[in-house]
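Same chain, two partners: subunit A is paired with subunit B first, then with subunit C.
Up next is the complex of A and B:
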């Protein structure tokens, strides 16, 4: 298979087993070290608190709330999602993974782990926003649910490949948001529009255009990342 | 016994426009062994990593064959065991956790627990198998790297600075492993030490 050489030598079963084992390893490692979790939790709490104090008694519009909602998610993701690869480089465990796992197993394992992390992050931000901002009232749950799901997966897909790229670089802290922002602009604009619709109580069909963009973005990011990952992963 | 063979033709490696080595060619079939020797900075570890498949060469060709059939990059992984100062296992896990989690990630299935237990006993880590690797000495970490490298019974064992941080007992165990490996498989040793280089039949001097 020209474009998916890994799969030519692996059965679906062994690919799934290996990928699941990698995710389990990352979850167990994260529970013990909290490399990413600590950064994510602190950033969410700090960012939401700062916005709350800044807005205080103001009655922010639905558009502003949508924007601030995704700004918090964006910057929180930037602070935590890169660690999935950076921690492997810093601790010298990259060689282990290169020896035992195919690039596709590593890529999809890390992508799925980042997806779970991003979904948890988005859920936490949503709950906080519902608690602290009276104006953040979800009138179209179906639109918000699909937006959050596709948006989180889109964030995870972009964050994973960029993390793999910058993990080997020197100035990772600066490079990560700098590389991420242009790639995430289409995603950010789309999810903000869709969230505005959700908070405005629009019917589901009004957001179909945004969902098509999000699905397309996800397919392009995952497909492109998968093809690129082999060259990024191996020195 | 797998009739595994490694052949290399004109391997070269350049880092940031600095050529580390060039025109490296060799061939070794099981049972067989090669030592990679040279001064500090000559590229011994680099060549070992290229042979192990964790680093790409700048040019040249490296082939693994079993009974005349070429193995691609992914198929080779099942046959390679690698011990190196640059390789670290996960500090937050115990030896057992490391071994079981990592063996499950390997594409070719599970290693029997008995085999892992025997290796841990052979390398004198059995008493500390459930302790976090963070608490291990450097010598114990080196022993654990051997257990990790040997757990899947590799046909090709690549050792970079094989006796680093090991005490006398550790070195004896490594010598037993080396003798066993040379009898039926391929051994590749990258080293500064002439005694370690003497374990091998062929020598690549960088």
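Up next is the complex of A and C:
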């Protein structure tokens, strides 16, 4: 009962309907205000432009490119993904949400919304990198696809629980990357490795080890966050 | 936490053990062919620098112990909601931060003389750096939360989330990255999560005494800190 507070009296059906309703609400409010999306897109453009200025006409290596690819994704995500809980606090809608939805619905709804946002963000960064860096040529599409998919999901998993924590704290903007970075390092190191493999044109089997780490990370983070979310969410 | 007599014993034990370790670790001479227990063998490549193992490894060990103790009391706070568990958790964390800093410094100096530079981003160096970051983030989070219950609750959750990533650093990263510490990928004696101890018996004895002594030192320091933090907590609630 301590660990599974509300699955007992909820069918899978009502769980998925309420989760869907929560995501729909978040998407609708996002479409109306375009708060996160606009900021994220502009952030990506600014970050990539800064890198271009810094490099000038240098031809960066594959390792450097795959590293900077995730650096841009990391800082962009850190600028926008906390919005999901911070906006509820700012608009004072936390209590309503606590009344009408169970914590696990809130957690999985927010996690899925953040996952979609991270995937969109990663796609945008990938397209931009393909356009502006001649050295960024994807030679193993399968590796990059799996890396981006698992990496974005793992990213969203950590970002969501940290967002829930910092929504209650002061100085949120600075605190968010500070708290997330140590948690995300195993993920970042692994996806950087795997991206280097994808750009280097290695066969799919070479990256299996990295994918195992990514799957493990995703499962541990989602499982752990789900169990802990109750304590963060309820006052 | 414990009775006064027990703590007195812990204090004396820590003082005695660490004194023995300092004296023995520094004073026992090395010799290429040790003939008695009173001589350490010369380890090729390490020579006199091998003595740092009696001080560097125990600080790193105490860091991990402190992190686990902090995690344990944090998790216990989530169940009991007793302010005392939070006091123990944060006291252990602040001591862990100090030992983490000491392990980084002693390790970095050792690395300079053995491997040629203060920092090499070897997997264990990366792990201790991340542990420093986690402690830094933990205290940054605590100072940005004003309500006591909220501070205790959220910092406990954060240390558990951070604890979830620790297995990745201990078991996964040393395997996929090559490193300089024993037990890393490419080590001739085999890559293991915890470095195997290939030490002559007299070094091993001093080393284990040191581990034990540092653990006792941690227990005693934790006890002092917790008692101090309790008094501070009582005073702050009295005046408020």
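Please note the rule applied: the second predicted complex is superposed on the first by the 232 of 235 C-alpha atoms of A that agree within 3 Å, B and C clash if a C-alpha of one lies under 4 Å from a C-alpha of the other, contacts with A are read in each partner's own complex, and residues count from 1 in each chain.
Keep in mind that, in the parts below, contacts are C-beta pairs under 8 Å (C-beta built on N, C-alpha and C of every residue); 3 or more make two chains touch, one makes a residue touch a chain.
If you're wondering where the values come from, they're calculated on a predicted model, not measured in any experiment.
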item	value
Contacts of A:25 with subunit B and subunit C, given as first, second, both or neither	first
Touched partner set for A:93, first subunit B, second subunit C, both or neither	first
Contacts of A:209 with subunit B and subunit C, given as first, second, both or neither	second
Partner chain(s) touched by A:157 [first = subunit B, second = subunit C, both, neither]	neither
Which superposed partner A:182 touches (first subunit B, second subunit C, both, neither)	second
Touching partner for A:232 - first (subunit B), second (subunit C), both, neither	second
Subunit C-contacting residues of subunit A that also contact subunit B	235
Touching residues on subunit A, where the partner in the complex is subunit B	5-6, 9-10, 14-15, 17-18, 21-22, 24-25, 28-29, 32-33, 91-93, 95-102, 105, 234-235
Subunit C contact footprint on subunit A (complex, rising order)	2, 158, 161-162, 165-166, 168-171, 175, 178-179, 181-183, 185-186, 189-190, 193, 209-210, 213, 216-217, 220-221, 224-225, 228, 231-232, 235
Subunit A-touching residues of subunit C, taken from the complex the two chains share	78-79, 126, 130, 133-134, 136-137, 140-141, 144-146, 150, 153-154, 156-158, 160-162, 164-165, 167-169, 172-173, 176-177
Contact set on subunit B toward subunit A in their complex	49, 52-56, 72, 74-75, 77, 80, 82, 84, 86-93, 97, 101-102, 104-109, 148
